[in-house]
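Data block below; observations after.
Note that the chains are named A, B, C and D in the order they appear, and that numbering of residues resets to 1 at the start of each chain.
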Amino acid sequence: MTNTWQDIRNANLVIVMGGNAAEAHPCGFKWVIEAKIENGAKLVVVDPRFTRTASVADYYAPIRPGTDIAFLSGVMRYLLEKDAIQHEYVRAYTNASLIVKDGFGFQDGLFSGYSEETRSYDKSSWDYELDEQGYAKSDDTWQHPRCVINLLRQHVARYTPETVSRICGTPQDKFLHICELIAATAAPDKAMTSLFALGWTQHSVGAQNIRSMAMIQLLLGNIGVAGGGMNALRGHSNIQGLTDVGLLSNQMPGYLNLPLDKETSFDEYMRTKQFKPLRPGQISYWQNTRKFVVSLQKALWGDAATKDNDWCYDWLPKLDVPLYDIIRAFEMMNNGQMGGYICQGFNPLQAFPDRGKIRRGLSKLKFLVTMDPLDTETSRFWQDFGPQNPADSAAIQTEVFQLPTTCFAEENGSLVNSARWLQWHWKAADAPGEAQSDIWIMAGLFHRLRELYRKEGGAFPDPILNLTWKYTDPVDPDPEELAKEMNGRALADLEDPATKAVVTKAGTLLDGFAQLRDDGSTASGCWIFSGCFTEKGNQMARRDATDPREQGIAPNWAWAWPANRRILYNRASADLDGKPWNPAKPVIAWNGSKWVGIDVPDYTPTTKPSDSVGPFIMNAEGMGRLFARDMMAEGPFPEHYEPLESPVENVLHPKVSHNPVARVFDDDRAAFGSPKNFPYVATTYRLTEHFHFWTKHALINAILQPEEFVEIGEALAREKGIAQGGWVKVSSKRGVVVCKAYVTKRIKPLTVDGRPTHVVGVPLHWGFTGQARKGYGANTLTPSVGDANTQTPEFKAFLVNVEKTSAPMTA
Amino acid sequence: MSRPKTVIVRYTTANRVNHWITAICFVLLMLSGLSMFHPMLFFLSGLFGGGQWTRAVHPWIGVVLLVSYLGLIVQFWRENLWHRDDVAWLKAARFVIANEEEGAPPVGRNNAGQKAVFWSMALLIPVLFFSGLVIWEVYFGDTTSIPVQRAAALIHSVAAIAAIIIWITHVYAAIWVRDSVRAMTQGYVTPGWAWRHHRKWLAEVASGQHGKHVVRKRP
Amino acid sequence: MSDLQSQDYVRRSASTMTPPKARSHEDQVAKLIDVSRCIGCKACQSACMEWNDLRQEIGHFEGSYENPSDLSPDVWTLMKFAEYENEQGNLEWLIRKDGCMHCEDPGCLKACPAPGAIVQYANGIVDFISDKCIGCGYCVKGCPFDIPRISKTDHKSYKCTLCSDRVSVGLEPACVKACPTGAIMFGSKSDMKDWAGERIEDLKSRGFDKAGLYDPPEVGGTHVMYVLHHADKPSLYSGLPDKPRISPVVGAWKGILKPLALVGIGLAALAGLFHWVTEGPNEVTEDDEAEGARVLGESKPEPETETTP
Amino acid sequence: MSLTRREFIKFTGLGLAASSLGMLGFGASGEAQAAAVRPFKLTHATETRNTCTYCSVACGILIYSMGDRAKNARSNIIHIEGDPDHPVNRGTLCPKGSALLDVVHAPTRLKAPRYRPPGGTEFKEVSWDFALDRIARLMKDERDKHFTARNAAGTTVNRWTSVGMLAASASSSETAYLTWKVARSLGMVVFDNQARV
């Protein structure tokens, strides 16, 4: 989220598309209702199903799963055609005026630089034309044919309302009405907020879905302002924190990248990180990257990390492929390339696509370790549970360890919410039986491994033997100590570079990442968290809910990264002179000598507006990008590609129907179905009564939604003779689910390219452990393919068939 | 008053046992029913071990009552068949009430009042039984709609009150017409009683219509 | 169990005495359910089960999000879902939280035969006192909203207490606290009506001309009220009664019939008494015996000496 | 035998008996005030501030546990509700959050480490030492066998791909950090979290 949950109340228009906020985030959704009541806001919902969010919407439009880019590109076309954009904002804060290199082009579904063999792009043409000083050329008059805004205009010209309706199945009048509502927020004092979640990410074009709306928000001047922004409603309680701390195959804490094979030295690694500013006067925050990396290395390996050994750069593993994501992990497992797997609070047998493949993969492991408070399906994949989990235990040679852990109520620690707040929580009771915290277990494993390496030696033991472990209780490190380690401290007396006076004494906890040094005199385990636990105490435990302007910012409640900033890009909430676009809802403003307001400014408070430092300091040009340069795998502009399993050809470019750079493993491609056998579009989702696969263990939630079902429209039910609550067999190329049918008016057939297209809704909560009734799980059906940038699986659009069946014997 | 040496058997042992089972059931039902009918009478539930017990036991007693009364119907239906003479008796009921029974036409085994009690109960008890089933929450609470249950509750109450009023009349008549109680406890009446209240029946007895065993020596 | 201050209730089932009136200034409370803000998430159901320690058996999917399928002794509130296509052909998903309405004139209380098993506190909450409940099911018949449910195991009647235990210590009911979107509000009844007025204005501005407050006067108003977008057609919301009232049948049963019956029974008994007093017993005379013996004797020989019949 | 005055009284005596029982408190009159609300169950419970474990709205919650943390009392969680001070949820909770109590006390909560040998048909309970020793041994053997110190081009890569890890998404950032440290010190790269699903 760029903004906070409460800030949603400042919106004039809330658009929920690519998510189902009311069902997935009910307590955050209250701020949408608050916006409606207190701010007269309108709520628009675009979704294949009439969801519980739609039930309180002012306007609802249906859309075929997997066609959001077409819809949003159509919106962009409308805005540009009607000139409903916030001109001053777009000119100053986005790269609309910058000129793109000659040689960049787009034709028949492909951008310039595509290679058929590698299924990837040479992105060198996707960049600005640079002047002699290395700055990007610009044309503020927007006359240049290759300035970004004109290229964008040209790119989206194809997405006429007719085309949008033909692709998405959304009736034209509904589409145009939504365009009108959106266009109204181009006024400087009006804001639209976009609330989205996995409904956009879980596609083969997931990242581009989000980019499309981000571009709309930039055109409307809605980023950085109160009530605006791109608000990704994240899933799990600390998924933001785990991402922040870099628990991804290619990440290190604080969004630092793990080295690649080609980055053979620390200097080589740093060279690609410290982006040079692309505009005069701009600051690029990545210039500081070296300080963050060195401080991280000092936190990890302490005294062993020295300037002479490049701060132990070689002790970090290097990547030979962009991602060792989960889809790849299970591919490797199936190919016999993996011996062991550890699932810490994660239930991949339920959560990852193509359940059959997951089960086969786990069966090939030598050992599987699960750490969880609950009896997960994954930990019992080897046990026969009938059709919901057929297994031949005796034939499965995997050793399985099921380790019981504490749950939230039984431990101290911090969680990062969707709005980047780090909130501390306290233990209320002891864990049942012998359950132990994940910290205790990881420490136990680590000590045993270190001991084995000490005794026996073995492959490259240095990083293990030298890992810092200076905790009061090494067996069970205190979460506060770990938090302090992430926050960072001075390792030596820090001097002011100008006066040489000691400003921070050795051993002191740091106040923020500005104090980090690249000479090894500071250590910080996660630079973006620096400031969360200072000499003043645990900032994450702060509980002052005062909201100075009643505008949804409580600066003294817990602590937000970065630097306790609550609205990212808040500089963009004010015009070029520093006056708020919306005087009624200012975030920060220039008072003549510094930036003041309810939030922490994006950069040094004394940076004058006339210094023309762009608000988007994480980008080298300081601007929001309508043109993404080389940041995206499939192109600098979003383009509509059909899901890998789609009922129709891509009407824009049938030869490049799907995402041309999607990574598809051969066995997965063989498991794609065709519309001939699987004519209906399916999409998976959560129900508000359940949280993934945990709450079926909770009796109350099992009572509230006891049994697996799918949702189908009345028309399809009539066609197939399916009764309300009757049994159906839902099948994809990958598997079969037998469950009950919910025949509903809330799903209507869509007219796609002239043909009626039925959508089948597949809720995902059921499995074979816990208290709810046994179910097959939605991932039995879903295809194993991910977004080309993030490898997020395409759970939201695939093909199935539905047939009436009789009740199973066991039911 | 001299005591006659000969008496007439009015109710057989089976008659009497059946009657008193019915009577006990009726009284228990009345007490438990009234306790659930009017708050001022809720204290009666204490007799049954409290409200829950009262609620639980009342319908079961009702079942027994129904069966028991069916027994009475089998035994007495014939002698309670309506007769032309009954109308005449009813017309002269004021003489009966004024203890001037001589003014009323002679009566057979049962007079019109007794027949009315018999048939009223024969009607009301099944009504009470079936309306009671509908509101028997434990077993039948889910079988009928709430409006039906409401109607059943009202019917049950009205029928019960009617039955109680009839019962009071019946009991009073038994007390008022001396020696009637003995007829239902010990089974016999004196020839004088028969002469006074059921003269035609006495004649039938005398003529042997009811068998010779109905006339016995006084115990 | 803590005893209530005796002045704290205003109505008590099966009681003929006038309840204490001294604390006449206690604020009436009300729960306002704004259906237009409700997202049907069932947080209220969940919070209700958790706070009140209720757990129904795990059921089945039965063709709707409605689960469990009905109110029960273990389910005191239930989200009801109705898919409704309006005149314009647009779908509306009308979701309503069902549960006790806490009527000002409670039909359950009127019907209840067990003294004190149902009480209404001065703040308006209608509460079932299980200890006194006899399990007769009369409350079910008395209720115009089909709310109370009788347990098959303990034979007590159950329904929403409006969390009287929480309200009595100054807290809001569990469902109110939990409701993520503020669709359930709690406060004094007058505040809730004012707030409802604002909500209705907002709904009218959004095209719901018939928006209105559901506070049915037929039962004296309720302490659980709804803001409905279609206040002209409450029955659209999964059968919310258009004109709820205590059934006239129940009215007759629990109203006029009670005194009539007592009078009838009393009169019958009195009639007997006075008949006895005025006319006395109808006794057999010696003449009667003589006549009887004569009749018997005329036609029959002296009876045999026999055993007692 | 004639019905005497005494007998008449017998008929109605039942009623008299009941009235006297009523006087003794079996009926209504004596306890008109005994109407009672359920006692408030949290009066002396211990209140602990926490955060809901489910989604990343991160609602503030109050956990109530039995006992005052005295030495001899074992704290048991009896109720969880929203934290009214929390600026996002302001005391509200969704149907999952409202039922947190049932996940804390789920019958399927794990209480002891369990192990299933190759080909085994059931879990058996084992000691922590057995489990951790065995896992460490398996990991070390795998790592020593499959560790890649250098790639084909001769670059130091220090990478281990044959054992992977999926990290939690509801564990604390502190847990995450320690997990990251341990995993990366081993050179583990098949390492991911639940961000995508």
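Here, a contact is a pair of C-beta atoms (placed from the backbone, for glycine too) under 8 Å apart; a residue touches a chain by one contact, two chains touch by 3 or more.
Note that this is a predicted model, so its numbers are computed, not measured.
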Which chain has the mean of its C-alpha atoms lying nearest to the mean of all protein C-alpha atoms shown? D
Report the pair of chains linked by the most C-beta pairs in contact. A-D
Using CA atom averages as chain centres, what separation in Å is found between chain A and chain D? 28
Between chain B and chain C, what's the gap in Å when you average each chain's C-alpha atoms? 37
Chain centres from averaged Cα atoms put chain A and chain B apart, in whole Å, by 84
Out of chain B, which residues touch more than one other chain, so two or more? 39, 42, 45, 50, 171, 175, 178-179, 186
Tell me, which residues of chain A touch at least two other chains? 26-27, 30, 688-689, 699-701, 704, 771
Multi-chain contacts in chain C: which residues touch at least two other chains? 14-15, 41-43, 45-46, 49-50, 115, 180, 182, 281, 283
Quick check on the complex: what are the chain D residues that touch chain A? 46, 48-60, 63, 65, 74-77, 80, 82, 85-90, 92-104, 106-123, 128, 131-140, 142-147, 149, 151, 153, 155-182, 184-197
So, in the complex, the side of chain C touching chain B is made of residues 13-16, 113-115, 117, 132-138, 140-141, 146, 150, 152, 155, 247, 249-250, 252-253, 257-258, 260-262, 264-265, 268-269, 271-272, 275-276, 279-293, 295-296, 298-300, 302-309
Touching residues on chain A, where the partner in the complex is chain C: 22-23, 26-27, 29-30, 33-34, 36-37, 50, 52-56, 58, 60, 687-689, 699-709, 724-725, 739-746, 771-773
Per the touch rule, the chain B residues reaching chain C in their complex are 1-2, 4-9, 35-40, 42, 45, 50-52, 54-56, 97-99, 101, 135, 137-138, 141, 146-147, 149-151, 153-154, 157-158, 161, 164-165, 168-169, 171-172, 175-179, 186-188, 190-197, 202-203, 205-208, 215-217, 219
What part of chain D is in contact with chain C in the complex they form? 2, 27-28, 31-41, 43, 79-82, 84, 89, 91-99, 101-102
